[in-house]
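Chain IDs A, B, C, D and E follow the sequence of writing; residue 1 opens each chain.
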Amino acid sequence: MNEVDQTVLSGITINHYLVLSIILFSIGVTGIMIRKNLIILIMCIELMLNAVNLLLVAFSRYYGDANGQLFVFFIMAVAAAEVAVGLAILIVAFHHAKTTNIDVFNKLKW
Amino acid sequence: MTGNTLIGLTPLLPLLGFIILILAGRRLPEGVASLIGCGTILVSFLFSILLFNSIRTSGQEEFQYFNWISVDTFKVPFSLIADPLTSLMMLVITGVGFLIHVYSIGYMHGDEGYNRFFAYLNLFVFFMLLLVMGSNYLILFIGWEGVGLSSYLLIGFWYKNTDYNNAAKKAFVMNRIGDLGLIIGMFLIFIHYGTLQIAEVNATALQNSTTGIHPNLTWITLCLFIGAIGKSAQIPLHTWLPDAMAGPTPVSALIHAATMVTAGIYLIARNNILFSLSPFISEVVMTIGVASSLMAALIALKQNDIKKVLAYSTISQLGLMFVAVGNHSYSAGLFHMMTHAFFKALLFLGAGSVIHALHGEQDIRNMGGLRKLLPITSLTFLLGALAISGLPPFSGFFSKDEILMNLFTTNKLIWVLASISSMLTAFYMFRLVFLTFWGKLRKPVDHIHESPLTITMPLILLAALATFGGFLNFPQVFGGQQKLHEFLLPVFTESSKILPLNELSHSEELMTMGIAILLAIGAIGLAYNYFISKIDVNKLLAVPRGFVQNVLSQKFYVDQIYEAVVTQPLQKISGFLYRVIDVRWIDGIVNDYGFIVRESSSKFRFIQSGLITQYILSMIIGIIGVLIASKFFSA
Amino acid sequence: MIAVSLIIWPLVAALLVLFLNATGARAFSLFAGVVELGLVLFAANSLVGNQTTLLDYSISWISYLHSDFHVGIDGISMILVLLTGLLIPFIIWSVHRDESNVKTSSFYALILFMQAALIGVFISKDGFLFYIFWELALIPIYFICLRWGGQERGRITLKFFIYTLTGSLFMLMAFIYIYQHTPAPHSFDIQVLYQTAKSLNSSTQGILFLGLFLAFAIKMPIFPLHTWQPETYTMAPAQGTMLLSGIMLKMGTYGVIRWLLPMVPLGVVAYGKLAIVLSIAGVLYASCIALVQTDLKKLFAYSSIAHVGLISAGMFTNTKIGIQGALLQMVSHGIIVVALFYIAEILWRRTKTLEIADMGGIRLQSPFIASAFMITMLGSIALPLTSGFVGEFLLINSIFRWNAVAGILAGFSIILGATYMLRAYQKTMLGDVNTGQPSFEPLSIREKVILVLLGLLILLLGVFPSLIMNISEQAVDNLLNIANLKIN
Amino acid sequence: MITASFYFLSLLAIVSALMVIFLRTPVYNVILLVITFFCIACHYLLLGATFLAVSHVIVYAGAIMVLLLYTLMMLNLNKADEPNRIPRQMIFGIVVAGILGMILFGAISRIDNNQINITANGQIGGVKNLGKFMLKEYLLPFEAVSILLLAAMAGAVMLGKTKDPNQTIESK
Amino acid sequence: MNTIYILSGLGILSLVGAMFDLKKMLPFVLLVGIVVAMISGLYYWGISGSYFNQMISLDRFSSIYFFVLLFILFVWFFAFSRDTVLHEYGFEKLALIFFSAVGGLFMISFNHLVILFLGIEILSIPLYVLAASHRHEAGSIEAGVKYFLLSSMATGFLLFGIALIYGATGSFHMNEIQTLVTSHHMTIPSLLPIGIILTLIGLCFKVSAVPFHFWTPDVYEGSPTEFTAFMSTSVKLAAFAGLYRFLVLTSDPTHHSMVTILLICSILSIIIGNILANYPSSAKRLLAYSSIAQAGYLLIPMIYIQSDTQKVLVYGLVAYLLASLALFTVIYAMEKTAGFIEIKSFNGLGKSHPVLAFCISICLFSLAGIPPLAGFMGKYMIFTQAMSAGLNALTVVAILFSLVGVYYYFKIVIAMYLQPQVEQTFNFDRRILISIILLSTLLVILGLFPDLLFQL
């Protein structure tokens, strides 16, 4: 592990990670907008969260500060909890509507 | 009793009578009611005589009840004044008033509103006394409006009848137009003289006149004159008076002949200094006066209602009085006012007696030959007609002659017109007399009999006054002593200094008299010719033919013009304002706000479509918007 | 102390009333109203006797806003407090006994609550407190109209409420603005507000003027902000209409005198003309519209707009004559309009209609109400020796001195006023009995006494207007001193 | 070498992420997402966050994605039951997301171009270091997460566990 | 701190209660527990301090917020716990409410971004479940789905923002961030503002400010009313407290970006909330829109933070919360008889339940901003703040649209007093009546004597 640790990521700047994470985040956002399957939407949200995680870790490395990584743990925990609850809701919804297409949930409006 | 207290008490008595009568209502038997009604006026009359005596020695008395209004510099005490002018008016009002009250006992007998009638009459006398006794314009104005109110109440006395009510309303509203003029006059007076005390105003005006005439005096006098026009039924506000004949005849006699309508004359006489200082308005007064006089006389030619004839004759006579005061011969005007009160009251009461005898018939086309059936009435009526026609030695002759005589020196044209008007007067009065009392009854009525004593007594007394009243101011040319003129002199001294009247030579004076007498006799002869001796009376009374007759019988179409120019447009505009401007526009705009909110609510609700996809999209667009905006604003 | 008790007593009474049944509530609230009148008269006596310490009370209220519960009665306030104290017993008493199944105790509680709020408006010496009372007065009347009103009351009351609220919120903004410019520990005290507002520059004062004016103009109401009023008056129950027209309307006029004229003198210089022109336009406009009204209450409503327009125009001349006339006319208008609407109520109870055309000949059936109507009408058309005259005369006088043409135009109201009022009187009272009408039940003693008392008040104030004007004279002088300090 | 692996991993992550959102079969989506997560875990390794990388694989690939997959299978959701995507909405979504990305790029463009260097503390990503942090400085959030998980658990159980729909105390 | 412990303990206790059937006794114990927590919160009254490595900092205002949140919880518990316990998973639901409240407490007192983040999640996740907890009602499920999805997405943005803040400052600690912001604001990279803005967006989502409000009407309407009552009160409270704290700690006086966001959000919320509230016939939905509008008003004082913004915010919030809680309570009670509650359902309430109708009117008047109720005072302070910040135009807009507010709030008043009675007769639990009377009395008292809160 030490080898990796001590190697300079030559040529890779913080901007690279920023760009990567923004791209992933945007892909996640795109997914939320264009998909209608509830389960896929949950996945897209996870993708967004992971983009954030990646960014945090990159910054953590950039500052040499462990706080960023610790934050990622909490995000992971929360993500797990969210997925659990989300899936529970999804199951209830599926039992009720027999579909996971979110467009059927449009009874509440106006 | 001092003069002071008398001043305070005199108007209160009729008020007391009014209060008692109106509160007691129908519970009071007729006898008691008439006792109260006439009694209070009689006592007032006696007080007036006492006051008259005390004035003759002291000249002027004042009495203040309390301080009425006091704001800033605007201070108006509730105070009354008695000077010769007032005293004369008071005597006429209470004296003639008393006679008419007595007359009403008989005339109104059995009417269900008997008590109310006396109450209103008393109220009228109260206000009329306030009018003439007020020491400042505002008290005068109380009386001014108050008599209008009494007039309204009495014209519409028989309130079941819609026409009568309309007449009453018309009278009130037209009076109000004049009143507005008076109010504005008061404002102007207050602005320029800082007070509303009549005496102070006139005195200040006199002082100012030494430095040059105040330009606003024209406006002030014009406004006052507008007030006078309204009250005295001159052109163009004259149309209410003939309609006002809807009231019971004693009302017509008291209010619409003897007293109230002369308030305009009183107003100008009271402000004689102001008017003397503004010659232009005096010209206007004369012009309006003579025009009204002529026009009314012309209209009276074709009227068939006995009271309407008398009403137009009143307008005509009032016009003559305006000519007099406009000519600055104030005492002559007042003299005529007094004699007119006598003979016109007499004529009206006589007419009332006729109507009473004929059970309400007022159309002279249906009368005739009443001379024998109603001897006292017809005799007194004839005396009155002779007086108004200006035949010596009846009172009308002296008073009218004095006016014409003074005119002769100042304005020949108006003298000619006034003479024509008085000639017409003689003609239509005798047309009336002949058609009513001569010939034979054209529409038989049962049970015609002479009126009771309460009716004939006042007639006789008034006939006496009408006959001999002229001697109060017996012309000097006949070696007489102008008592009235002298009595009134203190009031008019200052104004006569401003514009001294040319003294007529005796020959000229006799000449004018002669012309007047000749004209009157000629007119009477003509009337005799037309209505007794010559042609078929019925034909004359038939439907009017030709342009002139139509114009005359339609009263110069004034009512119709007013209807078309004022009343109808006002109604139309009001309706437009209400239905279109108010409801549709102003309120509509207000309501539109609510509508817009509701509409936008039902339109904008589509952003809350219920679709998660859309929500997400909208939110992200929102985020983008916020980011861009923050970027934009932070730069 | 007495000033506070004037507010507290009706409030306490309102609470107590809630625990009674309808009949008891009526009796007790009447008693409360009379007691309040006694308190008011006591206060008036103190004022005349110069015991002004009794009439001023101040206690810290919202220290965060530096707003005190500061009430005080000077001459101007006294007049309106008197009016309120005087009219409320009549209004309560005017409820017919057989309405007890409809008008429950809460009705009386609301009236008393309203009284407290109104008196609060008239005696507040703190801007914030004034605003609170100002809005507070709206709530009871809203409920009175909503629960006991007539046709379409939901829509109309809401419109009325929002309309008046709109204006008052702008007034609030103006107050906040002035408050924020008060010297360092800010204050809502009226004197401080005066001094602060007056020191602002002309254009700011102009904007403040418009904000304040909007509130007062809507309340009065002044053309063209008046359209809530006829509807509301027509729809409201009789007592509601009396409250609205008799007293509540005076909030607007009082507001102008107390919170507008001395507050922004430069604003008045700039926009006072506009206010007067609008007022006079409203006078003529409303008079014309009253000419063609067929509904008695609507006719009275428009006539009220006309009269208030005159009051407003007079006030904005910013002269002593104008303001004194306005104060007198406020009292007079309050009494007259209450009497008018009470007459309308009496007629409505018997004929079940307010259409003028459906009535007629009532004088034949009940001379009493005809006479009462007559006296009230005379007051309304400003016949001398009725209370309406002096006020109207002074008002038109002040307008005339401001501008002759305006004065003459305002003067036309006396002609038009006579026309429409006489028309209404004639069509309802005179003529022959309308065949379609049921027999006219004679007036009860209660109704007669109310009408007689109101009539006597109309005549009394007409003969002795100084009763009112003496009270306010000193206060108006003070006010004008403040208002004109900067102009001179 | 490391630079190359960075680009490779990034490319793989992006491509698979794109396929996650564009492929229409849920199971493929899950698998591709797992690939993305693996790439991210590799990035963590590159960045020296070793423990995190491991936990990431365990939590995401091991737990969350399995859970998702399990749900898919259980509910038999594998058929694409989304209606034919309206291309307009898709294009719109892509454009909007693109704009968002551009804005974010624009915002960060002015950041300094420092390379990521090893700092003095090379052990920050290690278990020991993180553990110390977690249980000392981050004790409170650590406990808070326990509450969160408890709540999530209770909630998920509550929703997921089917009882007799009518079985409430009231109905008894 | 003790408050958080106690509340978490109460949550766990009710989970225990779910295991052992303790329906008789436990609710009372829990109620007492809430009171104890309330009192323990007051312990920090005069003390301000930081705990857990300064992750949490408590001061006077956070203790006020604690107290208010617990008070709301208390009233909520008093009014609803009995019914809730009787339903299936009653104690679980109570436990979730407690946990959610704990999340709120974290948000109120956070001093570290991880606590903010966890607070938000602890607050929200139980609410997703509770929103969907009527598993057999389409509306409830739909509410759950919507709330979950939109909220998770918002969390994503929030986290991205936090990550950027970290990237710019190298710390999650608010004190350090604040020092950096205030002392070196010229040298801070542009990541920071974007990060702050994205975090703000996350928080604005929680306070349901337009354009991040879309979940609010649907979720409020679909959720079981007792949880809507909790959502519309405690979530708002915690979110506003958190938002304010975040703003104070990160605001840089020379930076306009936050001003812009808040300005846009508050204007849009006021306009959209007030306008849309006119349409729905459902009472809950009406209140949901109105809560959006109220959020708009409450955002106004935060645009330019001044010395007394905190007080104004507390007051305004309390005024809103009390009225909102009372109204949702009423709707809840009515739903038990009538099912779906429309504005029509209030018809005739003024006659059949005069006291209740009176209290409802007070609440509605307060929301509409009619003096002298607390709602008016709150709005008044807010407008004062706005005007002293020079936001005159915004004030005018807010005033005009508050008039629109009067329009729709009064629809209910009019229904109660004007319309004829509906056939259903509602039965109101004594507990519900007591809570409503308590809340409306508080509205009056706070309105008349705002110093009670302002002197704190």
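Everything below uses one rule, namely that contacts are C-beta pairs under 8 Å (C-beta built on N, C-alpha and C of every residue); 3 or more make two chains touch, one makes a residue touch a chain.
Keep in mind that this is a model prediction, so the values were computed, not measured.
The chain occupying the central position, as judged from C-alpha centroids, is C. Chains A-D form the pair with the most C-beta pairs in contact.
Ranked by distance of CA centroids from chain C, the top chain is D. Each chain gets a centre from the mean of its Cα atoms; the one farthest from the centre of chain B is D. For the pair chain A and chain B, the distance between mean C-alpha positions equals 99 Å.
With each centre defined as the average position of its C-alpha atoms, the distance from chain C to chain D rounds to 70 Å. Mean C-alpha position of chain C lies 42 Å from that of chain E.
As a whole-number value, the distance joining the C-alpha centres of chain B and chain D reads 103 Å.
For chain A, residues touching at least two other chains, in rising order: 14, 18, 25, 28-29, 32-33, 36, 42, 62-63, 65, 67, 70, 74, 78, 81-82, 85, 88-90, 92, 102-103, 105-110. Across the assembly, chain E contributes residues 114, 118, 121, 125, 128-129, 132, 135-136, 144-146, 149, 153, 164, 193-194, 217-218, 279-280, 407 that each touch 2 or more other chains. Among the residues of chain B, those in touch with two or more other chains are 594, 605, 608, 610, 612-613, 616-617, 620-621, 623, 627, 631. Here the chains touching each other pair up as A-B, A-D, A-E, B-C, B-D, B-E, C-E, D-E. By the touch criterion stated above, chain C contacts chain B in their complex at residues 159, 163, 224, 226-228, 285, 288-289, 291-293, 319-321, 324-325, 361, 363-364, 367, 371, 378, 383-385, 389-390, 393-394, 396-397, 400-401, 407-408, 411-412, 414-415, 418-419, 422-423, 426, 429-432, 464-466, 469, 473. Interface residues of chain A, counted against chain D in their complex, comprise 1-2, 4-20, 22-31, 33-37, 39-40, 42-44, 46-47, 50, 53-54, 57-58, 60-67, 69-70, 72-74, 76-85, 87-92, 94, 99-101, 103.
Per the touch definition, chain B reaches chain C in the complex via residues 22, 25, 66-72, 74, 138, 141-142, 145-146, 149, 152, 156, 159-162, 165-166, 168-169, 172-173, 176-177, 179-180, 183-184, 187, 190-191, 570-571, 573-575, 577-578, 581-582, 586-587, 590-591, 594.
Contacts from chain A toward chain E in the complex involve residues 14, 18, 21, 25, 28-29, 32, 38, 41-42, 45, 48-49, 51-52, 55-56, 59, 62-63, 65, 67-68, 70-71, 74-75, 78, 81-82, 85-86, 88-90, 92-93, 96-97, 102, 105-110.
For chain A in complex with chain B, the residues that touch the partner chain are 29, 32-33, 36, 102-103, 105-110.
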